[in-house]
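Presented sequentially are two complexes of chain A, the first with chain B as partner and the second with chain C.
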Partner chain A sequence: MATTHSDSETLGGESVEDFDESEQSVEARVGWRYTLAQVRKDPTAFAGFIIIAVASVVALVTTIDAVVFEYLAQYQVFAQFGVEKYWLAKTIWMSPTAEPAGTPTLLPPVGMENTFGQGTWAHPLGTDDRGRDILLRLIYGTRIAILVGVLATAIGLVGGMVIGAVSGYYGGWTDDVLMRLAETLYAIPFLVLVLAFIAAFGRSITFAMVGVGVASIPKFARLIRSRVVSVREDEYVEAAKAAGVRDRNIILRHVIPNSFAPVLVQATLQVGTAIIIIAGLSFLGFGIQPPTPSWGQMLSVSRNYMIQNPWFSVWPGLCILVTVVAFNMFGDGLRDALDPRLNN
Partner chain B sequence: MSLLRYSGRRVVQAIPVLLGVVAITFTLINAAPGNPVEIMLGPSPNQAAVETLKAKYGLDQPLHVRFWKYLVNLVQLDMGRSIYYDAPVTTKIAQRLPQTILLMVSSFAFAIATAVPLGVISAKRRNKPTDHVTRIVSLVGVSTPSFWIGLVLILLFSYNLGVLPATNLVMPWAHPSNVTGASTRLGVLYVAGAHLLLPMLSLGTLQMAAITRIERSSMLEVLSDDYVRLARAYGVTERTILRKHAFRNAQLPVITIIGLQLTTAIGGAVLTETVFEINGMGRLIVSSISRQDFPVVMGTTFVFALVFVVGVILTDISYAYIDPRVSYGDQE
Partner chain C sequence: MSAPLLRVDDLQVQFFTEDGVVRAVDGISFDVREGELVGLVGESGAGKSVAVSAIMRLVESPGRIVGGHIEFKGETLIEVERGDDGESYRTDATIPDGELRERIRGREIAIIFQDPMESLNPVFTVGGQLREFIELNRDLSEEDAREEAVRMLREVGIPEAAARYDDYPHQFSGGMRQRVLIAMALACEPALIIADEPTTALDVTVEAQILDLVDELQERYDTSFVWVTHDMGVVAEICDRVNVMYLGEIVEQAPVDDLFYDTQHPYTEALLDSVPRPDETVEELNPIKGVMPEAINPPAGCRFHTRCPDAREACKTTNPDCRDVTDGVTEHRAACIKHDAFETTYEGSPPLETGSGGGFDVSLSGGETDD
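And now, the complex of A and B:
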């Protein structure tokens, strides 16, 4: 899906590098500043970056809101000032009358009409089956998408980095065993592996997230291994070895940093993939459980009300689309910046 | 001959991988905290009943014995009995597999038929409006969840326009007497096509977008190769270069991607089947997880992995067929 290009590592059983040697040396020479400057010059990549930044801020604010204000509300600290859960979100994005009691359910977006009544500015995107504001829930869904997507990718990245670095650096039977294991995990289709994981450990967003992370380990491990194998032969690694630096320090200080550029591209694209997979799991009922709002779970509920309020099915999907497009645009831009062959 | 040898070697190489798949799913499922027997009998069950049921499903034996038994049975196409359906898992899978295969094959056919020309045109008219539109469409395509595309298609074509059915699937080889709205074989085909169209688009869009992207970049790379420039210098027309020189060589990475896309396509099929209420393998695994019907979960996981591995082998073989260097290298 989002990882089309980097998937081309294996061509007919032979390993073919996505990033060739010239790119590695250029990247090493000019460093991260150059890369970031290149990304800024690329309007699509920059737009992707802005969307990711905005979504991250929204995710952060809503997390504070949900966690801190729920905690405060428990102790009635700010109750006298009218501070409760969702207070931040309401004051920033919503009119104060966002959730009036007893409103009819499944209102349409503003300016439209359905059997439940007329859409109003109080609920710009309409309400869901329980009369809750869809916009507010979408905003809160950002938290789950970004947080879970990034964490799942981080699990895959760290796991893949350890396995790939060890495998590539030591070679021999360690390499054989680890790579056969990665190959086997890779043979189970991604979503099916995550489903098997959930079947074993139970349905919860934590297991869904860990499952997505574990399932993405082979991809990262193979990519990092292929980088490490080529970096291992570089002179500075040999110099470090001759100077008596320990293997662990060589891997951490020299091998991994110098293999990291293509991995970062892969990780950015993988966040997009993880967001789609986790939305899919929530859609199937294996991810986020109600009442916590998430885009996938909203889509799952909206399926039952497609005649009454069709717009309900449209918004969460659009949110997923925009977020994932942003990660893909940024990831593609990052790759182009790191790969001078394409910059002509 | 070398192609045959190469194919044989790829098949043999797949055996340890599949063994590993069984080992992984077996370990995962047996790590499950819930015991299927407890689920069947409810809380605080009769001890004698527990023992009988455990013996029936072989759960009273140690893990390595059960694993060995499972492997031996698997080779004989026996995957145990479903707890929920009280029927052999193989029978359930045989009932469900055709729907999933039909869905996947049709969506790949759609994806390849649209993506290859789109990618070639996009590369040929690089940085022209056609190219920009194609790039935007494929970017959006790889970023959209397939199940949401399905929902939007249902909203548009089933609810708003009312032209295509939203649920179920009619198999094209079904008997006319079992199909509503069809009295002849041709009628069945028509009904089946109408039912297949939306799920196919829903699942195929993602593959289409992914293949378009790789087709475009692959064509661009080939078109800047020295031999193409030489052909241009000799005055060969662009049309001939594209058709005779560039196209075939550019298909190699595309073939690899088609094989690897199978993994996302299988995941997409699970979701698409849920959206369109198609009784295929995907819905089987989803409902079996909810019912903690572990023999079925293991069986479906294995069959999905088998489908993926077979797909990758087929793409590897067609790769070797197009590029003989792969299988020649094998002989050394």
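And now, the complex of A and C:
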């Protein structure tokens, strides 16, 4: 940027888009709009973003249908209108947990045929061992995957951020104690740690989620710490100190925002990992409990019917695959967009 | 004469590194009066920045203030004494950390840092940072602080201040950013602004603009300044009084005119010699020979004797303090034993063959001996 000749040169509304790509300074590569524009240029990352966006919307709608409506149904005001759990699903099609009488079990997808019958449009992806519609259960399973994946990551992110930032900012023995604790946690295999957590607190999706979150704290803490150690030496941090800003505010307003980019990438990738772990726990029976639909648990049930109807296993497996890959693609794209050295 | 606004007395800052103790600032004393612009000049590594950050107690580990007394408006910013056990500790007169942060930093004393490119947080808007700073130090509401921030931006000459309020630091040029930092420092109308080489990172045109701006603003707000620089030109332009530092010590203190026209210390002289002058055409500039020794193991005697053109045998053994050398005519102090104020054997001792080696320098000092 030609900057110093005259101050009036840089006058006027120079927005991020107005910069010529080749002349853009490294510092210009900040801000949400720029990052998103960058991600958009990367087809794989953009595809990942779209898949995540669609899955998130699906998760939101199904959460309203399952959780919010169940809660509202307790009240007479809403119950008189027929509000109940899976109200929306029932109104449009059928409940994801109902076992309709007369529907054949283990039907293949539409256009296929097996010993149980011919696939129909009534059940586009076939039915499960209890005659429930697989497509509908997959849709409702998205909720668990996204919600639990994101929440577990959020727990790890927040925990890791606090520990890592404090550790990196203060250094000294604070750093030693916190980091040795984190490394101790790191030394235990991830799944073992989560299983131990569930064993200690109880077999429920909440504890599975918290367990996955806690187990991922060290990863985030170490990542944040490594950034904070360099950011705390930046002059604006010293300037803030000289201006009389409290340590807490320096960490929150100056240190963390400037250390956040790599963490954001890690968090996106971590959501994918969390989804797999949670699905694995559901598969083992430690996660979500039937009849609530979840991909992992569907996969678990379907393995008994692998021979009779292999499609039953394929669908939930495919859902997990696509979602996790989408998070990874988006995460990779985000890393490229946030790291100026990888551009040009 | 009224009591000075800031008084630094025998300040010592040391860095405890693995290689040994670095005596970055080794017993410097100076003061700043109200409305005065005091310069702190010296080569890189002379300890200027460390000295000014010690004023606000911003020296970070492994550095520590191990001695001295800093007084500001009658309050003790720091007083460190050496105990019987040899450990230095803060005395009770030192104001506590919380109070220093709440009352002094930002409100009473502000710092403008060296690099305008790095001193603004890149993830927040310029206006937002300025507003936050004003809110913090002046107890204004958010809206009032915003108004004040825009006013300050206008004050330091940022065109269309209101429109640029929401810009990010990267959308500002270096000179504009330095203006913002000056606005930030002035915003709380502090009594003292410490400017740590604020124009070093800028080109000369912008530097001149900034210096003019500071001059003008200083007149209007009557703020005192401590101006750290290595540029003699800047010193001549804006400073009222000057302290010249070499290797952690102050070697000469004088009003700016006296420093330039009646230089008393060989280091200052050498420093002035090395500056290109528009009124003289020379084949080659005359830099100070050699490099500054490590503060970890400073030379015995006068610290400058290894490079000093006037050095003699006596300089190896005597480390002079900064004394009045003009019989009290002006406030002019220098730390060189060639002056009569020091009763030493300088006159009688033989000249020293120094690393400054150049024939020109040696013959010059030889000439003085013959007098």
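Note that the second predicted complex is superposed on the first by the 282 of 344 C-alpha atoms of A that agree within 3 Å, B and C clash if a C-alpha of one lies under 4 Å from a C-alpha of the other, contacts with A are read in each partner's own complex, and residues count from 1 in each chain.
In the analysis below, a contact is a pair of C-beta atoms (placed from the backbone, for glycine too) under 8 Å apart; a residue touches a chain by one contact, two chains touch by 3 or more.
As the structure is a computational prediction, the values presented were derived from the model and not from experiment.
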{"item": "Which of chain B and chain C A:Phe197 touches, first, second, both or neither", "value": "first"}
{"item": "Residues of chain A touched, compared between chain B and chain C (which is higher)", "value": "B"}
{"item": "Which of chain B and chain C A:Ile320 touches, first, second, both or neither", "value": "first"}
{"item": "First (chain B), second (chain C), both or neither touched by A:Glu235", "value": "second"}
{"item": "First, second, both or neither for A:Arg248, with chain B first and chain C second", "value": "neither"}
{"item": "Touching partner for A:Asn258 - first (chain B), second (chain C), both, neither", "value": "second"}
{"item": "Residues of chain A at both interfaces, chain B in one complex, chain C in the other", "value": "1, 4-5, 7-8, 10-14"}
{"item": "Chain A residues touching chain B - in the complex, by the definition given at the top", "value": "1-2, 4-5, 7-8, 10-14, 180-181, 183-185, 187-193, 195-203, 272, 276-277, 279-280, 283-286, 299, 302-303, 306-307, 310, 313-314, 316-317, 320-321, 324-325, 327-329, 332"}
{"item": "Contact footprint of chain A on chain C as seen in their complex", "value": "56, 58, 61, 101-102, 104-107, 110-111, 113-115, 117-124, 132-133, 136-137, 157-160, 163, 167-176, 181, 184, 202-203, 205-206"}
{"item": "For the chain A and chain C complex, residues of the former touching the latter", "value": "1, 3-5, 7-14, 25, 27-28, 30-31, 171-172, 234-236, 238-246, 253-254, 257-258"}
{"item": "Sites on chain B touched by chain A in the complex", "value": "10, 16-18, 20-21, 23-25, 28-29, 31-34, 139-140, 142-145, 147-148, 151-152, 154-155, 159-160, 206, 210, 213-214, 217, 252-253, 256-257, 260-264, 266-267, 270-271, 274-275, 285-286, 288-290, 292, 294, 297, 300-301, 304-305, 308-309, 316, 319-320, 323, 326"}
